Each structure stands twice: as structure tokens, then as C-alpha cells.
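Per-chain numbering from 1; labels A, B, C and D assigned in written order.
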Amino acid sequence: MAKSKNPKSKLTPALGLRLLAAVAGLLVLAEILVHRHAYFALEAMPLFFAGFGFLAFLAIILGSRLVAKLATRPVDYYDTPEGDA
Amino acid sequence: MLEMLLSIPGLLLIVGALLVPVLPHAPRQAYMLALIGVSGYLTFGIETGVHTTASLGGLDLILVRAEAMTKPFALVFHIAAALNVFYALHDPNKTTSAAGLAYAGAAIAALFAGDFLTLFLYWELTAITSVFLVLAGTSARTMNAAMRYLLMQVGSGVVLLAGAGLLWRDGTGLTIQAVDALTPAGLCLLLAFGIKAAFPLVNGWLQDAYPEASVTGTVMLSAFTTKLAIYMLALCFAGFTPLIYIGAVMAVLPVFFAAVENDLRRVLAYSLNNQLGFMVIGIGVGTQLALNGTVAHAFASTIYQGLLFMALGAVLHRTGTAKASQLGALAKSMPLTAIFCTVGALSIISFPLFSGFVTKSLTLGAVAKEGYFFVWLAMVFVTVGAVQHIFVKAVYLPFFGPAPKRVKAKEAPLGMLLAMGAAAALCLGIGVYPEPLYALLPYDARYEVWKAGYVLGELQLLFFAGLGFVFLSLRGVYPTAMDTTVLNTDYLFRRTLPRATMAIAGPVLRVWFVVLAALKRSVLQMLKISEQASRESGLVSGIASIGSAAGIFLAMFALMLILRQVM
Amino acid sequence: MQDDIVIRVVAKVMIPAVMLFALYVQFHGDYGPGGGFQAGVIFASAFVLNAVVFGLNKGRHVWPARYNLMGICGGVLLYGFTGVAGMVLGKNFLNFNVLSSDPVAGQHLGILLVEFGVGLTVAAVMVMLFFTFAGRTAHLRLLSKSDAHERKVSASKTAKKVKK
Amino acid sequence: MMQHLPVLQVLLPLLAAPFAALLRGRDLAWGVAFITTGAAFLISIALFLEQRALGTTLVYEMGNWAAPIGIVYVIDAASALVLPVISGIGFVATLAARQLVAAEIDARDHALFYAAWLLTIAGMLGQVTTGDAFNIFVFLEISSLSAYALVAMGSGRDRRALPAAFNYLILGTVGATFYVIGLGLLYMLTGTLNLVDLAERLPQVEETRAAFTAMAFIALGLFLKMALFPLHFWLVPAYAHAPSAVTALMASTATKVSVYVLIRLIFGVFGVEFPGLADAVGLLVLTLGIAGAFVGTLAAIVETDLKKLFAQSSIAQLGYMAIGIGAMSATGLAAAFLHLFNHALMKGALFLAIGMIAAQAGRATMGTIQGAGKQIPITMTAILFGGLALIGVPLTAGFISKLYLIRALLEQDFWLLAGLTFLSSALALAYVWKIIEAAWLQPRPKGAPKLHETASQYIPAWIMVIATLGFGIYATPLVQAAFAAAHVFIPSVAGAN
């Protein structure tokens, strides 16, 4: 399952990319064949999980940006003695 | 004495731990494993129901009582203790191994406690023994972190005692059973268990202390305290609906913090926090299926979380750092660790065929069945979060991603590999053939996991989350790890609280010092007067002449006679 | 004082009589006035008279200093052990009945012994007191002599000055 | 032989004294003293055990003459408790005296010193055992006169011992004379001198003014001998300038015997219901007691000479005993007995230890012990323990007596007094800390002579320290004995112990 992907600059080797596209297609196709017993209306929507997975990942990264801006301090923040409990 | 030692589970480990520092290295490991083996065999044989009781000053204590739920927890605690011994084979530190064994023993004994007072005893014992594990850490901040850790743990113990006291006062007796959370006693107990189960606002100690502990210490710590708290919550507050929303918050929030955090062991601490969130949601739902889910999940989580902590512990042990910003391309130099770590990651993101899948789905199914849509959605969201902060950040990038600078590392020592291998095997084993675990669960409720639709949905979720990562990194938007301190709820105790107290205490102290100075001046004044009076020539005790002494004598005599007349 | 012949002769005659009378008072205590204390004092007065009349050194010679302590301690021990004798013979401390066959005789014997003890102690104490104070006069006289000498010297010096 | 124990208790030291006086040889006199005080101590323990076993009082008739006419020696729970203290301290002090006397008094006087030493012990033991009022006076005089002589013997090293002894003599005699005048009045009123007989005949004449005056005379005489607050002027110089061995013996026993005699007469003869006793004397004793406690402690705080310092603190501690008596209750009396017992131990330990330092360094002042903590640690620790016991730190005997004293006061609802007692004993911390700080926290001054300590020097002090701690930790037998002694005078009401 190793996925050789190095971020930023150059694209992954073509082989890796093509492999990814194949699996994605397969999963989408399987959606049609398989009936899923859904508790919630939204869940019954086809490709719900695929879309939700992708969007959730993006949401998490966005959320982490927010946390990074609000809740981060320099590394030695707690080391400076300011009545450190 | 021996009979008592063998009949009370866990006590064998606690007492046995006393001998540990005496033995040299090799026989010590064998001795510890033997102890764990015997203890495991003994505890496994205990059927449900009350076994040994004792009375202390009019209170009747139930020393050993097994619930339906106790057996799986006891089993996983023994497994964790054994794995820890293997994992710490290379570590010469006697105190950590002794403390670790006593810590495991105390946790196991606490499981079987039948009343809150015995529980309190072991509750405190876990706190005290585990502090040594934190203290064994090498970083400069260890001492302070250990003290903060101890404060919170003992604080939880005190609140537990308060709850027990209130229960005893109301006359409801001390035996551990379902407690109405909305009474003062109930609230105390909820808070006590909540602190150790890292509820929101009081979870700071988990992310603060665990990463400061030693390589082996963190692994030991990750297994017992939190799971014990979950077990107590399950016993006392099953079905308490607000817990569902507490659990949800506990699950979702750490995802964002884990994404930003740079120290990978702290990332794991956040992930441990959101796993606990899952379990608390299960307890909140309270149906038999949900409780089964919580127990199963606790069982599996102890193992795969342990595995992840072990793997990163190995990385820290070899490279000297666990900072995401400094790690990369370790797979080549630490292939086995990489594989075991990947197995752990796949389990935690509940990838089919791995332990997470068969256990988390129970809770997920229970939540869905009860129709809590938003909670269900949150749980799915968190699974994606796990993909990000575990699979991508803690496994893929350090082992397979690019190395910012040449990090030389050897493969983890044999002991670690053995432990990780066993843990990975367990994760895979449970994932593939969960029946023995299901048999252990307290109730018969089942959730058919291997339904095509469900499996497909799970695969799509995970795979497209992975694609999300690919998409972001292709566009170069994926944030690189920066070395910062991420503020967590322990900020409340470390900054807000001291500042608040100083604000109030400041003026009070100033007034007090003024009063004190005035007091001191008056006392000095009094002493000076008495010194004059008592000097040689002084009135009070100087060498008075005989005449005056006799004079006083006669005056006294006269006084007595007058008194007689007056009285 | 020593060279007055009348005093010396009278003293020589008186001293033995005084001692004899002291003994009479001592042993007569049972029937009439007397007893250890009075006898002791009279006995001691004999020695004081001797010392006054014949000078301290003669007095000291007749009654050496070490007799004082022996007298005092002897008297007390005599008294004590008469009492202890009662204990040894089975009765309580200071029980004189058992001292001889007949209780009355025992009482007499007991009282006599005890009183003699007292007499001895008192005599010794009195003599010691006298010699302690009398001894000091010799010491004082020495002092006074030296003062007189100085006065004489200073007087002669002033006289010389006046002559000049 | 066993039935003669009561008289032997007094007779042994009394007859040993002349013997000691005659023995001029080296240490012979000390040998006699050592054996006699040892025997006396064993006798008093035997008497204590016998009395507790029998439960009743042992009576020994002098010369087999029956009670009212003859003089009887009475050993009851009270005297059985006090006797071991006096003889015990006497024995340990004699043990230490060998070193102290050799250092402070020239050899010629040793024999006479030990004679006076034995006489004063015999006198004290006599006061405790005798059952006849006048006999108490006789023994009072014996012990006091020999005490004056002992104090005067300090003049060899410290000339101020003479005026101190003279002071002590005059005031002591004034006290004794008042006592005997009171006795004369009593004899005139009741026609008897036997304590038990007196107690029986007194109620008929209770209302008369003469009876109260007699009581006033006796009480006042004993107040002076006991060094109660305003009448304590003789004590500090006497103890400070006397030879160290004498201070150790006197501080632990002399005043305590007068306290015992005061209790024996006030409660034994006059009884608590005696008109005017509870309110007039009781109130007076309480006020003087607490005043004494504060004056003594404050004076001790500013004192620099160690002997004077602890002499001052003795006045304070005697104040506590007076408070115990003033409370006029069974617990109060028990507290007084307890404190009488414990204070003897504490002061014994302190003065024996200080005596050792004074013997070496001439005078034991704050200067001599500055930085001595390192040079003579064992002796200084003995002083430390003695000081802690004085404050009443738990696990020491001092704590037990303070505890029962405060309980007695609270039983009588003297809330203010209990508070003041507590405060004054807390104040004692000041002068104990002053010594600790000087000994351990300050460096030894450059020129100061080197102090040294040998086992024979600190063992006597440590015997007392161990006794103080022993009776502090396991105090129940002592407390029971104290309450038994208290119930001799105030029969225990059912329930209230």
C-alpha cells in the first residue's frame, strides 16, 4: 500500500498517479453494484462517503490553520517562569 | 498472607514489584513476565460476583468483585503489561520497570474493586506509581510536568473520595453501581473519572505529561489510567446522555490540535484523547451494543495506541527526536518499525481487516441505530481526522516522506520489535477473526460488520481522505510541520489560574504584611520593657534586697487576710 | 588576761566541777530538769572557760580541732544506732523497750544513750563555734597590729616633715 | 526488713551523712553518698510498688507508738509518687556530682559537701514520708539548712554565692518560721500534730479566725519555700551561684518538695471545703501562678547566663504547678503532681548538662555555648531535649503535664487561664530557640576554649532525658499514679477521673 508521493514541487511518478486513478474509479463503480443499508437519508446518497472523506480532510487542514493562528506559541513558551503552575 | 495475595487480582503484581529493583537485569524480565502470567491466569479464572470482602472500622469493603465488563479490561491490561515488559527489555532503569509493574497491578486491582473506598486506594496507587514513569523522562521540563501530572491525578482521587463520602453520607452505601449523575455525589464521581478520562477542560495533563515521560514510560502510561477511567464511567454512568455530547467534543477538538502539533508523541496523546471520546460516546448511548462497542474499542485501542506509542518511542529512542519537522525517510533504516507502525495506523483509522474496524463499528452502529445523526457524522469526521494526524502525519511522512535533514537511525532493539510485532499481530488477528473478542464482551448484542455496503463506504471514506492529502500536497498547500507549542486546556491551570489567584491574593497579602509589621513592632516593644524589668537591678527579678523581699512577704500575708474578709 | 593569778586559780578549781555538773545534768535528765542539750552546753562552757583563761593555743591543745567533727558525728551516730538497735531486735525504729529484758529498763537505757549522743553533739558544736569565732580574734589582732604599725610609720613621717 | 522500708528511706541518708563527714579519703565520701542515694532510690521504688500493690497507705509507727501520740511515717499514693522522684534525682545527681564537685570544690571540703548533700536529701525525703506536721518542719529545717550550706560552698569559685546563700538563708528561715507559727496555732486549736488527726479535729474549729490565720501562715511559709512568684527572689541567685551539682539537685527537688507539702497540708489537712480556702487562696494561687509563668518566661528570654535562664524558667514552671493547685479539682491536682514529676526530670536533665559545661568553662553563658553544637553535640542535644520538654512539645513529658493542666483548667471553665497557660508555654519557645540558635547556627568564636565531653559527663543528663522522653511517650502509668495521688486528697467523684 506504500504510496510514494512527495509533496510540493514535482509530480509523483506517472505510475503512482495512474494506480490512484484506477482505484478511485473502481471504488466509484462499486458504489452502483452494492446496496448499503443506511440509517440516515444523507448516508443513503451515493458516493456520500467518498465526498465526505475528501471534504472532511480539507476541512481539517483549514481548521488546523485556524488553530495554528490562534493557539500556537513559541516553543519555549512554558519554559519561561511566569508562575508556571 | 499468600492466600490473600493470590486471591486479590493485581496485588500479586504490586507486591511483586517491590522485589523488582533487587534482581539483576535478565532474571528481572523473566520474573516480571512470570508474575504477569500467573496474575493473568488467576484473574481470568474469576467468575462474576462478589468474592472477598473485608470490614474496616464499621465499613464493609468489597475487595474483589467481577462484573461482566471486568474480564476484557483485565485481559487487555495483562497483555499491555506483558508488552511493556518486552518493550522495556533494553531499558536498564529499575525504577520504571518496578513502577510500571506496580502501576499495572494497581490498575488491575482497581478493576476488581467492589466499593469506592477500595477503588480510591488503588486509584491513588495508580497515580503515585505512574508519577515515577513520568519522572523517568529525560527532558528538562520532566520535573514540572510530573508535578502537574501528580496534582491532577491526586486531585481526581480527592474528588473521588469526596464523592464516596457524599454517597456514604446519603446512606446509599459505598458499593460501586450505577450512580445518578445529577446528585452532588454523582457529579463528584463524574468529575473524578472525567479527569482521568481526559474530559474536555481537564484533559491538559494527558497531552502535557505523557510526551515528557521516558520512551518506555509513555507506552506504559498510555494503557492503564485512561482505560480504567472509561471502565468506571461505563460501570457508573452508562446511558447518561450528556456523556454523548461530551464524548463528541472530546473526539472532534483534538483532531485540529493534533494536526498542528509538532511532537509526534503529543499528536498520539491527542489521538488517545479522541479515542477516549469515542468510548465516552458509547457509554453515553448506553445501549448493550454501545457498551459492547466501548469495551471492544477500549480493548483494541489499548493495543493499537500502545503499538503507535511503541513505534514512535522506538523512533525517539533511535533518532533522539519525535518532532515531525525533523523526521523523514526512516523506513529505509527502520523497516520493521515502519511496517508495525503502519499496521497500527491502519487499525486506528478502522481500515477493514484491522482491529479498529471491527471494534469502532460497533459504537458507530449503536450511535446510528439510536439516530444521533450529528454524533454519527462527528465520529465519521474524526475517522478522517485520524487518517490525517496518524496515517499521514505520524506514519507516512516520517517513514516514507522526504527527510528535511539526513537523520541516521538503526532498527529498533529486539525487545521493542518483539513487542511491536506482537501488538501488530494482535491488531491484525482481532481485525481478521474478532469472534474471541466478541465472546468476551459483556452483552450478546452484535453488529454485522462485514456487510458489503458498509465496507465499501468505509474504504471510500479512507481512500478519498488520502486523495485529499494527495490533492493538497500536489497543490503545495499542505502545511509543513513547524516547531511550536500548541496551547491546550492545561493553559487554564498553568497561566489563567495563577494569574487569577495573584490578582486576588495580591492586595490581601499587602494588607497582611502591614499588619504583620505592626505586630512585630509591638512584640519587640514588649520584650524591651520586660528586659528592663528583668535586668539585674530591674523590678521584677533582680536580686532584691532582703528587706523588700520580706516586705513583699508581709504584704502577701496581709492580702490573704483581707481576701478572706472580702470573699 | 592570762597573767591574772586569781582568775587562773579559780578557773583551775572550777573547770572540773563544771564538767562534773554537766555529767550530772546529762544523766539526771530522766527525773529532773536536764538532758542532752543543757549538759552539752555546760560541758562545752568548761572548755571555753579553759580557753579564755589559759589562752587559745592551750584550749586548742586540750580540745584539738578534729575532736569537733568526731564529736558531732559521733553523737548523731550514737543516737541513730540506738534507734537502729530497736529495729535489729525486731521492733520499729527508736523502740527502746526491747533494749533490755524489762521494757521500763529498756526505756531508761535508750533515753540515756540517746541523750548522751545529743550531749556529745551539742558540746562539740558549742566548742567548735567558740573556736571558730575566737580563732578569728587572733587573726583580727594581727590585722590591727599591722594597722597600728602603719599609723606609727605615717606619724613618724609627718613628724619628720614638721621637723624640716 | 520489708516493713522497715518507710523509715529506712529517710534513715539511710540521715545516718550516712555523719559517716560521709568523717571520711577524708579521696572519693570515699562520694562513694558513701553514691551507695546511699542508690539504696534510697531502690527503697522508694519498692515502696511505690508495694503501695500500688496494696492500694492502701502504709503506716510506720516510730518506736511502735500509736498514731496521734507517736510520730508515724505514712506512705500513700501521693508520697509513693514523689519519693522516687526525689531519690531518683538525688541518685543521678550524685552520679554526676563526682565530676562536678571535683571541678568546683576543693578536695578538703568534699567530705563536708557530701555530708550536707546527704542531709538535704534526707530532709526532703523526710518531709515527704512523715505523717506528723511538726516532723515536716524538722525535716524542712534539716534540708534547708544543709541547702544553705551547699549553696554557700559555691563561694570557692563564685564569691557571689555568699550573699546569695545569705539571702536564701534569711528568706528560707522567714518562710519556715511562718510555717511553724501556723503550726503552733493549729496545735493550740486542735491539740494534735498528726496530719490525719488534725484533719479530723479541724472542722469543729473551722469557722474561727485563728484557723484561717493558721492556714494563711502555713500557706505563705510554703509559698516562699516553693518560690511562688512574688516570693521567688531568693531562688535565681541561689541556683545561679551555687555549685553546679547543687543547682542540679536543688532545681529538681527542693521547691517540688515544698509543693508536695503545700498540697499535703492545704488539701490533706484543711481540705477543699475549708471556708475561705477555695476563693481566697485558690484565686491568689491562680493569679500568682500565671503571673509567675509569664514573668519567669519573659525573664528567661532576656537572660544570658544559662543557670539563671533555667532558674527563671523554673519560676515559670512552678507557676504552672501553682495553677494546678489553684484549680482546686482532682484533675488540677493530678496535673500538679504530673508537672512536679516531669519538671523534676526536665530540670534535672538541663542542669546536669549545663553543670558539665560550667564545670569545664567556669560559667555557662550564651557565649560559652556559642557554636558548641559541633564540639559537644551530645550534651547540647540533652539541653535541646530538656528545652523542648519545657515548652511541652508532644512526645516529651512536658507535653503530658501541660495537657492535663489545660484540661483541668477547662474543666473548671477557666478559659482565659488555659489560653494564657498555653501562650506562656509557647513563649518558652523563644528562650529555647535562642539556645539552639546560639549552639548550632552560630559559628564558634575564634578564641573560645575548646569544649569536650566524655561519656561519664553526659550520661547522667541523658538518663534524665531518656526518662523525660520515656514518660512522654508511654505516660499512662505515670498519669494513673498522678490521679491516684490526687484522689488521696480529693476523692474521685464517680466517673470524673
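To be clear about the criterion, a contact is a pair of C-beta atoms (placed from the backbone, for glycine too) under 8 Å apart; a residue touches a chain by one contact, two chains touch by 3 or more.
Being a predicted model, the structure only gives us computed values, none of them experimental.
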(message) Tell me the fewest steps from chain A to chain C, where a step is a jump to a chain it touches.
(response) 3
(request) Counting C-beta pairs in contact, pick out the pair of chains that comes out on top. (result) A-B
(message) Based on mean C-alpha positions, which chain is nearest the centroid of every protein C-alpha shown?
(response) D
(request) State, to the nearest whole Å, the distance from the C-alpha centre of chain B to the C-alpha centre of chain D. (result) 63
(message) I'd like the Å distance between the centres of chain A and chain D, where a centre is the mean of that chain's Cα atoms.
(response) 91
(message) Centroid of chain B to centroid of chain C, CA atoms only: how many Å?
(response) 99
(request) Indicate the whole-number Å distance between the mean C-alpha point of chain C and the mean C-alpha point of chain D. (result) 37
(message) Building nodes from the protein chains and edges from chain pairs that touch, which of line, ring, star, complete or other describes the result?
(response) line
(message) So which chains actually touch one another? I want all the pairs, not just one.
(response) A-B, B-D, C-D
(message) Taking the touch rule as given, give the residues of chain B at its contact with chain A in the complex, in rising order.
(response) 140-141, 144, 148, 151, 255-257, 259-260, 342, 368-369, 371, 373, 376, 380-381, 384-385, 387-388, 396, 400-402, 451-454, 456-474, 476-479, 482-488, 493-495, 497-499, 502
(request) Would you mind writing out the residues of chain A in touch with chain B in their complex? (result) 1-9, 11-12, 20, 23-24, 27, 30-31, 34-40, 42-43, 47-61, 63-68, 71-79, 82-85
(request) Quick one: which bits of chain B touch chain D in the complex? Just the residue numbers, please. (result) 527, 530-531, 533-535, 540-541, 543-544, 546, 548-550, 552-553, 556-557, 559-561, 563-564, 567
(message) Which residues of chain C touch chain D once you look at their complex with the stated criterion?
(response) 69-70, 72-74, 76-77, 80-81, 83-84, 86-87, 91-97
(request) Using the touch rule from the top, collect the residues of chain D that touch chain C in their complex. (result) 4, 7, 11, 14-15, 17-19, 21-22, 60-64
